[in-house]
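Next, two complexes with chain A in common: one pairs it with chain B, the other with chain C.
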Partner chain A sequence: MAVQTDLQNRTERTLGSSSWIGRLRALDLSSPRHADKLGYILLAPAVLLIFVILVYPILLSVDLSLQDVDIPRIGETREPYTLDNYTKLFGSAEFWRASWVSLKLIVVVTSACFAIGLATALLVNQHFKGRTLARLFVALPWAVPEVIAVVTWWWMFDSSFGLINWLLVTLDLADKPIAWLSQPVPAFLVVSIVMIWKGYPFVSIMLLAGLQAIPEDHYQAAKVDGAGAWQRLFWITLPSLLPVFGVTMILVVLWVFRDFAVVFILTGGGPIGATQTLSMMTYEQAFGFFRMGFASAIGVVTLVICVLATRLMVSRMAKSMY
Partner chain B sequence: MAEMRLEGVRKVYGGAVVALDDFSLDVADGEFVVFVGPSGCGKSTALKIIAGLEPATSGRVWIGDRDVTEFAPARRDIAMVFQNYALYPHLSVRSNIAFGLRMRHQPRVEIDRRVQEVARILDIESLLDRRPRALSGGQRQRVALGRAIVREPQAFLMDEPLSNLDAKLRVHMRAEIGALHQRIGVTTIYVTHDQTEAMTMANRIVLMRNGVVQQVADPDTMFEQPANAFVAGFVGSPAMNFFQSRLTKGPDRPVIEFGDATLPVQLAPDIFARYAEQDVLVGLRPEHMSIGNGTHSTVVRPNLVESLGSERYVYFPVPTANTVGHATFVSQDEDRRANTMIARLMNVGRIEEGAPLPLSFEPDRIHLFDPASEQAIN
Partner chain C sequence: MRRTIPQSVLLYVTVILTCALLLFPIYWMFVTAISPSAQLRAFPPQIFPDAPQWQIFQQILETRPMLLWLSNSALAATAAVLLSMSVSVFAAYSLSRFRVRGGQTLGLFILVSKMLPATLLVIPLFAIFREFRLIGSLWSIILAHSTLIVPFSTWMLKGYFDSIPRELEQAAMVDGCSQLGALFKVILPVATPGLAATALYGFVLSWSDFIYARTFLTVEQTKWTANMGIASLKGEFITDWNEIMAASLMAAIPIVIVYMVLERYLVGGLTAGAEK
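Then we have the complex of A and B:
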């Protein structure tokens, strides 16, 4: 301590002791004494940004959801607080149907993404010729911009000119073209397929990273101990991947929950609400019918669901490993 | 328990890199054999081939009376201890130890009984329900050993199992593994790069270099009669000193010169005839020098003295005439240059650096090597 003060004094003397510039210069932020200050200073821009683009809008929408307001205007006198939007929301069949669609989509897309993602990750984790190329192909759908990908799929599923119908008819798998996007079940199927196609590479990449972190020793020890390939998968690979599974699942679930482009471009939520997710419904209420208060209420409920789901998965998955 | 045999095992990587060349070895039932050598000498490769984790390019491996060359690791009935222990982090100590038995579908009661017994032998009964990450290095090491012995295999293979422990614990576990081997008497092959481990634990040492076996012998033989300069330099600490000298005819025995000292050496007449009036490589262990004037002594000027309490390591320059021109042999501490020698002096007083110091030699302990092939000649 004494040494440090002495050092500081000497530094101040050389830099012009009494002036505040001198003192500022002597304030060495990299010294252990000031390390925490430096940390806060470096964090400040990010924290500020998060406040501006995340926290403030969230507070704004909570505020809006508690008012009976259609189009809010700056400077206008605010409406009185009310729970009308929430009462209306929980009483509307549309909300429950959208929640059900979102849930179905999450279950179908997430499980399919994990099945395909795990299979492809295990595949490209093997040593074979052309592995780098195979990895590239596995990751490719992820790299295609979402809107372009969805528009392409939309064309492929077009009932009159689409590639899929042409294939089905040519291969005699269907006797007449299927109206993919104007029937409830096929429309849901198409939305699911496109989301799976777009989503599995992310799972694959994450799981591949997880696979590579498993020490080779563990497999060798298991081989010597007499574990076969399936036993190694169930006893070593899958348990070792659990932490990665947890994080990836949260990210995928949240992605499915909030993804908008796929549904919007393919079906717009139709036919008759068969593919209307909560995010689609929020958009429609806000920018279709300009019921901002009501739309904000949906957004707030969605946020609460997401937070709860995340919390649940984080604690479960993290504990199960260690 | 079983004997083990390797017949001309060879391993080539990528068609060009020979990791193991014509490796043949017979291991007796219950023997403790240590493979030792510097990194990249092929000792771990040899172990993996025995375990079945890597295929041999050619040659056969026998365990007991079975040719296991084409067998998967599981069918070889061996247990292996890995350098990083390879404990499964998601399983408790109990499940880790039971893993091999469970994979072989043993009855649950039997598994429990054997896990308990092994835990008792290794004194880890209180740790059975912990996860590996809650264990210290030494405890993990014990669990890894437990996982190996619970299976009661034909042989143990250990791949540098002590290299992740700190020095004190290593000495302790070394003794423990030795005691464990005496107790259960299973054939063991132990890989290490540490010659001290090899010397203290082995019934027999296999010293390897660049994929080639240099010498197979018990520790004392390896120390006293090294087959070549590499073995001589590898075994012993501090490593053997090497210098060069002309071999000439002395009054009754052949002699070499070191500085102004003339040292008689033991040499068969026909060998002497071959090397007479030629330079030979001379090896002299640091502990075979002592302080003071004797029959065969010279005066050196130490340039560094290290004290270890009861003993002192005295570094002194090799006389120019004795400096080895081509130091191809690799000693254990490679950073020691060919122009420096070490004397290990026991219970001596203070030694001044730079001051003249009389040193006497024990000529009977001198090793002579062919300067080209580096093979021992006496």
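Then we have the complex of A and C:
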């Protein structure tokens, strides 16, 4: 403080003493001697907003998960803390079934997304005329809002007039139209297909970026050594893609895990819970049955899973970022 | 690397078949929209209708509040982007240029918060918005969408700022610019494509949301977003698929256009903070 006044006085003196200029100087946060403070001030609005819309809600949901509440009111006298929600949760068959469905969905969707994503990335990485356009088209489903993707596929899988049933019957692959969404396995399949269609472009885009980062001379060297196309794929392309694979896989897994709209609109978790993921279960408990304390407990469990998965990725990246 | 002619042909056939197969649902959405209702319940399905019903789009706008829903979506997305960008531009600049204590922790928290499940956040946000009487108001989703946009735009912009050499603003500061002045007069103009890409991407995130709109706006049909409207068109017994598909096209087209513009920056956006 003393230094500051001193500086201020000196500035005033050199500037010919009109004191308001000195005060103005002191307020000018962008002057070099305030450089550090400026850093904090620039961060402040974001920190404030993040606190209001992220940190506080997360703390609130942890708080709710520890109380026996149905529809919470903020500021009302809180219920006593209890672990009931968690004991009930881990004891319920529904929770374990939903975890199993989430896991199945993650495995099916992620592997299919990677198969299609890798194939399309390799394809549009070739040199040919019009590949810019091909790249644009290959990843186009990324741009289709999820709800719209869902209703479009819903119509294609319509049990009476849908295109897929017509195709299957015409090609003799099914003897009668399939009621897709009212049977457990077909419903799971439809949910998976919609998610794969929405998810593969991301993998394709990421892997294409990875492919473009592989230096051309690696391939040249391999060719000189007499490696064929398949050998180049297995010994150069795929190993070089491994880091991108890791990050992309975690992102896709988390996306499938967190996704809600596809299941909610298509099946609402049914039939008989066959497509009830943890996200769907959280939402249904909260806004279907208005058991928000219990729902928060499921939410907190999914949160912990997400954070652990993210940490897997972050610990690898943190070093390179700073 | 030269290809023989059969190889070239094979390549093109593969590319075209792949695109056709993967984009077929989008084509089918279009064909269904312009097909007469009666034809949709007839077999075999027609790959292109004999009498395209172009007036379906007009019909939708007249019989359903589609225009209102679309403008709600646009309004919410624009506001959410403005709100998020106005805080994340400064935050990103600070994270990129200053050594701020706790900056690294904040950066990591932001990164982790990109991965938060919306199904968790929606519960406390519901309680908070109810308290402030924001349920049924577009403000609820504007704030909720900021939870999606702020983390990612901060990371994306930090990436852009990192790629701009410090010498640029140092030169400006030697010429008498303050640090803040340098940000506005030098850095932001240089980063304009990055800013635009980030803003558009944020717009896509907000436009595509379903869960927040479905939870906070259900009570007020005049406040619905396009996605909610579309999901609600699916009737219990009779469904006019051509109407749903026409509405879907209207809601999808803005985003597809954004995607066409954005494609070059897409990798940067998707990988913002996810990869170095």
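By definition in this document, the second predicted complex is superposed on the first by the 270 of 322 C-alpha atoms of A that agree within 3 Å, B and C clash if a C-alpha of one lies under 4 Å from a C-alpha of the other, contacts with A are read in each partner's own complex, and residues count from 1 in each chain.
Please note the rule applied: contacts are C-beta pairs under 8 Å (C-beta built on N, C-alpha and C of every residue); 3 or more make two chains touch, one makes a residue touch a chain.
All values reported here derive from a predicted model rather than from experimental measurement.
Participant: When the two structures are laid over each other on chain A, do chain B and chain C clash or fit?
Facilitator: Because the two structures are overlaid on the shared chain, the partners are seen to fit without clashing.
Participant: Who does A:A221 touch here: chain B (first), chain C (second), both, or neither?
Facilitator: In the superposition, A:A221 contacts chain B only.
Participant: Can you tell me whether chain B or chain C touches more residues on chain A?
Facilitator: Ranking chain B and chain C by residues of chain A touched puts C first.
Participant: Of the two partner chains, chain B (first) and chain C (second), which one does A:T87 touch, if any: first, second, both, or neither?
Facilitator: After superposition on chain A, A:T87 lies in contact with neither partner.
Participant: After lining up the shared chain so the two structures overlap, which partner does A:S111 touch, if you call chain B first and chain C second: first, second, both or neither?
Facilitator: neither
Participant: Which of the two partners, first being chain B and second being chain C, lies in contact with A:E146: first, second, both, or neither?
Facilitator: Second partner only, chain C.
Participant: Let me test your reading of the model: by the given contact rule, A:L123 touches which partner, first (chain B), second (chain C), both or neither?
Facilitator: Touch partner of A:L123: chain C, not chain B.
Participant: Quick one: smallest Cα-Cα gap between chain B and chain C in the superposed arrangement, Å?
Facilitator: 6
Participant: What is the shared patch of chain A, the residues that chain B and chain C both contact?
Facilitator: Common interface on chain A, chain B vs chain C: 321-322.
Participant: Spell out the part of chain A that touches chain C in their complex, as residue ranges.
Facilitator: On the chain A side, the touching residues are 28-32, 35-36, 38-40, 42-43, 45-47, 49-50, 53-54, 56-58, 60-61, 64, 72-75, 116, 119-120, 123-124, 126-128, 130-131, 134-156, 158, 160-161, 163, 166, 170, 197, 200, 202, 205-206, 208-209, 244, 247, 251, 254, 257-258, 260-261, 264-265, 279-280, 282-283, 286-287, 292, 295-296, 299-300, 302-303, 306-307, 309-311, 313-314, 317-318, 320-322.
Participant: In their complex, what parts of chain A are in touch with chain B?
Facilitator: Residue list for chain A touching chain B: 215, 217-218, 220-228, 231, 235-236, 239-240, 242, 321-322.
Participant: Which residues, counting only chain C, touch chain A once they are in their complex?
Facilitator: 1, 8, 11-12, 14-15, 18-19, 22-23, 25-26, 28-29, 32, 40-41, 43-45, 83, 86-88, 90-91, 93-95, 97-100, 103-104, 106-113, 115-128, 130-131, 143-144, 146-147, 150-151, 154, 178-181, 204, 207-208, 210-211, 214-215, 227, 230-231, 234, 241, 244-245, 248, 251-252, 255-256, 258-260, 263, 266-267, 270-271, 273-276
Participant: Using the touch definition up top, name the residues of chain B that touch chain A in the complex.
Facilitator: It comes out as residues 51-53, 72-74, 78-80, 82-86, 88-91, 99-100, 103-104, 131, 133, 147, 151.
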